[in-house]
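See structure below.
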Amino acid sequence: MHPEGSVLVEFGATRVLCTASVTEGVPRWRKGSGLGWVTAEYAMLPRATTTRSDRESVKGRIGGRTHEISRLIGRSLRACLDLAALGENSIMVDCDVLQADGGTRTAAITGGYVAVADAVAWLGRKRALSGKPEAALHRSVAAVSVGIIGGEPRLDLCYEEDVIADVDMNIVCTGTGDFVEVQGTGEQSVFKRAELDALVDLGAAGCAALTELQRKALAS
Amino acid sequence: MHPEGSVLVEFGATRVLCTASVTEGVPRWRKGSGLGWVTAEYAMLPRATTTRSDRESVKGRIGGRTHEISRLIGRSLRACLDLAALGENSIMVDCDVLQADGGTRTAAITGGYVAVADAVAWLGRKRALSGKPEAALHRSVAAVSVGIIGGEPRLDLCYEEDVIADVDMNIVCTGTGDFVEVQGTGEQSVFKRAELDALVDLGAAGCAALTELQRKALAS
Amino acid sequence: MHPEGSVLVEFGATRVLCTASVTEGVPRWRKGSGLGWVTAEYAMLPRATTTRSDRESVKGRIGGRTHEISRLIGRSLRACLDLAALGENSIMVDCDVLQADGGTRTAAITGGYVAVADAVAWLGRKRALSGKPEAALHRSVAAVSVGIIGGEPRLDLCYEEDVIADVDMNIVCTGTGDFVEVQGTGEQSVFKRAELDALVDLGAAGCAALTELQRKALAS
Amino acid sequence: MHPEGSVLVEFGATRVLCTASVTEGVPRWRKGSGLGWVTAEYAMLPRATTTRSDRESVKGRIGGRTHEISRLIGRSLRACLDLAALGENSIMVDCDVLQADGGTRTAAITGGYVAVADAVAWLGRKRALSGKPEAALHRSVAAVSVGIIGGEPRLDLCYEEDVIADVDMNIVCTGTGDFVEVQGTGEQSVFKRAELDALVDLGAAGCAALTELQRKALAS
Amino acid sequence: MHPEGSVLVEFGATRVLCTASVTEGVPRWRKGSGLGWVTAEYAMLPRATTTRSDRESVKGRIGGRTHEISRLIGRSLRACLDLAALGENSIMVDCDVLQADGGTRTAAITGGYVAVADAVAWLGRKRALSGKPEAALHRSVAAVSVGIIGGEPRLDLCYEEDVIADVDMNIVCTGTGDFVEVQGTGEQSVFKRAELDALVDLGAAGCAALTELQRKALAS
Amino acid sequence: MHPEGSVLVEFGATRVLCTASVTEGVPRWRKGSGLGWVTAEYAMLPRATTTRSDRESVKGRIGGRTHEISRLIGRSLRACLDLAALGENSIMVDCDVLQADGGTRTAAITGGYVAVADAVAWLGRKRALSGKPEAALHRSVAAVSVGIIGGEPRLDLCYEEDVIADVDMNIVCTGTGDFVEVQGTGEQSVFKRAELDALVDLGAAGCAALTELQRKALAS
């Protein structure tokens, strides 16, 4: 009801509420630059997972995983925007995981883009942008998680698959198929160049499919 | 999907997700007492309100209002339960406000009761209770907010009414009409004994109506 | 020696040091409003109680009980004051429990009022109020704790009584007998409407007696 | 009322409440050593000084000055005790400054010794010591602050003198005139060897006078 | 002098002190698993950079960048080890940046491997491993940063190059040329598949050269 | 490479990296005073000692020992400077212990002086001082630790000696032999006046020798 942009993303059993909050003005250190500012915060409700985790507010500190994911979402969403055309406005994207079953960070990026697009449109209607809305939002982004399970590349791992995956990769692409971020990690085992290539191909294809869904969601 | 008890409460535009998480055993200081333990945590998503508030996890500390409400919910829900019949099990009730429009704490208590009832039933099916489920959950509770606006007692204030109310009262009753908690405050102005009585009557009637809705929800 | 208003309250074995500190000006978000600001902080010395509790400064966080009580004191003391007549001055009331034997929060409110009255008089002598002192301090407040023990309503519970009480209620009244705050809780057991009425009557009478004592203290 | 040892020290306008709390047993890392444990915590009420300081519990962290003073008091009071004769008991000494006018840390040590002596006597009556009370409390300690003002050595500086002193020294002595701690600092200016000697002489004489007062206080 | 493994890495003007500290036993939740535990902490001295940054200990919280890098180093170093052959021993790797000029995280991984190898050898000499040292340390790892500047792929970016790079990638490889981690990000601009391939090739070659240097360092 | 003043001090096996960072301007509360500001922060790398200690950044709070030492270093280095001749410039001195074997705080002061002298010279070359460099840096300071072991006064205790010392004293002197700070503590045992005198003599002689070394270091 309240936010300038808001979307509830569902990927399998994963549910992420992405909201974009607009503030006029930018943080003090950026004032007078003519550039906007976009940042993101990711969090999980305590019982989004199979066993309850303690709240980070109760622990009094934010864990490393939360920090790492918030930073990834923020970088990915800044890639959508021409900060000069956005003008001195700030967009804060909150991604709160209500229910988790794998792929929460990539769902957050994919949904976060839709919330940002809504917020830019809202700014456009208020005539608060420096440029046109389509100049401010100059790219779309979407993200998927891919992995290798039993030697096989797989798209959109659910939690149980994620746990047994040998390699786990997050791919963030633009709507025109360029890469914004590629993060592959093989903690359980290492991976060969051919596997890297296969995962990147699979991820890029997955992002293309999501881009289509985003277009439909924004058109309606 | 994951919790032992879970309900999404809607009161007007207010939306609160209440989940009950069961752990076998109790905190160390209570071990060997034969008694269970129930506690609650309340939180708001940053953009549940008309303007975004900073996350308490980011600020590194929980505010006084959050503490006060979490304690109220915990006391109210402990009143439902016979902790000896519950046995040495712990129930943690998380009440996360997704969208706020007044009455979030009373919605959390009313929904929290349903989540606790589900969790007790789940423990009963697992034969993990010391007593029977109906002994463990020996009362129902429901809560409403009432207030005086322009001299008139009113039930279920939305956010805009809450702001202008002269007196604001939260009433928690059992399903048999007894009182668990009565909290009336008149920060803007003070209130007379007759006004107190009128608010208590109105609140008790409101709780009775909610008790009926809870019965239907649990029956289905 | 130092504060603008200061009083050591003794209720039975309970001792609370209440001081009021005046600062010219108000917090930034309130500047230019013409209104004053009053807030309160409650704390216990570590060995105010029968067993020592850890300092909240050492734990690095303030507990929920402390927050809840500080907020109650602040609300009650703001009810005494016409913030427009106070002008843009801030009063911080510190209530530090040196020795605790039940009823510390109500003792803090009752003593806090005397400290605030001293501070308003001090501001009046300095000609720093927007209105007259008697306009700024437009009501007196006093508070008592009441409870039901073994079916019997009782005034001013000491610690041992408080622990065994079935119902526990804090009543804050003005000098003219109106209510500022009514907080009744029946964690151990629930309470009936007749019990609520009896407790409210008893509390109001207790507050009236304290109002008399406050008048004498301020007159001397 | 509650603590095992308790004393309210008055030095000029300075008031420090010193309490000693006894716990059977010692921290885990010291278990089985046969040795006791003594530690101290120093704090100021927010309005002990001419202008109010924020509470360290509210700031969420303890300042360097508080840490430094707590450590000095703890070291000084451990010098009184034979930790083997004390046995595996812990004594926590809380020194809370109610009103400050210079010399709070030395007042805390001098008063803390009396509280510790009370606590050891209490342990003796409970037959909880490994040795005799006079073996456990094998020395007395007292402390004074001395300084040089306008070239003149001075004992017991009040706040206004402390601020203008060229050199500031805290001396902790035993009842037999030996030194436990000597801390001299000349931030505003440096000091010569002859000045150091004069301050140490003056401080030792001051401690001897306080030792006499402690004896009388404990005898009564 | 003190640690079980220690190395000072120099990459250009970057200086990172990597130490490996061994503790017998593993964290409680891992006890009885037969598996070892390896984790890493990364930090910068406040004046490692051109302008001083505040200490994270003074700020009271660890920043997102520090968390993200510590986690990357930990994952990379766990890839070196067969945790079953390590047995229930813990290795903590501290990477402290004394002077920073780009590539600190990859320098930390490359140096951290040498410190871990020393620590495993130390455990082997103490006969504290479950398996043989060469089974416990079953792979080597090395890391480089690569980037695209002005359309050109470049190895080992110094700070000034890093700031202007269009794409920035960290590559972690084993001594046999497999990938452990690939992290590419194009915040300023996006990148094409061909650029991704070129960066991966360049990074893998860089890691191979470092593997050679590590072998020599460990042989001496 | 980066700091305005920087020195790596070696005292026995102790290694402390001291850097001085200059900022134009002073903290807000000091603006317009015409005076400069100097402060110091001391820290240990986690594995500077024989067993690893947890990072204070990870614990989220700075320990009492760290605070106490940082304050001592700051006071000692402010004694070197005429803050009016320094003008409104701030110098932050960071003392990071890379390897510890006793005497880290006195090494930090001795090295910190050299870093401050470099920073003042740097300010002089930039013509940013209010007075001349030799007016701004009007004294030199050096510090040593002395102690009594087995009845014998000893200079420069290493860690193993420090642990068994009966009395432990830190002496800070100016280049002309005046005292800046004298801190003697006899936690294990107390000390007599004659022992105090012997330690002060020994410490003053030690500082004189270090002053000579500082002169040579700064001359080169």
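Order of writing sets the chain letters: A, B, C, D, E and F. Residues in each chain are counted from 1.
As a working rule, contacts are C-beta pairs under 8 Å (C-beta built on N, C-alpha and C of every residue); 3 or more make two chains touch, one makes a residue touch a chain.
It should be emphasised that the depicted structure is a prediction, and the values quoted were computed from it without experimental measurement.
Trainee: Where the contacts of subunit C and subunit F overlap, which chains show up?
Mentor: D
Trainee: Determine, among E-F, A-E or A-B, the equivalent of interface B-C; equivalence here requires over half of the contact pairs to be the same by residue number.
Mentor: Comparing each option in E-F, A-E or A-B with B-C, the repeat is A-E.
Trainee: How many Å are there between the centre of subunit C and the centre of subunit D, using C-alpha atoms for each centre?
Mentor: Measuring from centre to centre gives 34 Å for this pair.
Trainee: Whole-Å distance, subunit D centre to subunit E centre, using C-alpha means?
Mentor: 49
Trainee: Where the centres are mean C-alpha positions, what is the separation of subunit A from subunit D, in Å?
Mentor: Here subunit A and subunit D have centroids separated by 57 Å.
Trainee: Hey, what residues on subunit A touch two or more of the other chains?
Mentor: Counting only residues that touch two or more other chains, subunit A contributes 60-62.
Trainee: Is the way these chains touch best called a line, a ring, a star, complete, or other?
Mentor: ring
Trainee: Please list every chain around the ring, with subunit B first and subunit C second.
Mentor: Cycle of chains, anchored at subunit B and oriented toward subunit C: B, C, D, F, E, A.
Trainee: Report the residues of subunit D in contact with subunit C in the complex, numbered from low to high.
Mentor: Per the stated touch rule, the residues are 1-3, 6, 13, 17, 19, 21, 23, 41, 43, 45-52, 55-62, 66, 92, 94, 96, 98-99, 101.
Trainee: Sort out for me which residues of subunit D touch subunit F in the complex.
Mentor: 61-65, 67-68, 70-71, 75, 78-79, 139, 174, 178-187, 190-193, 196, 200, 204
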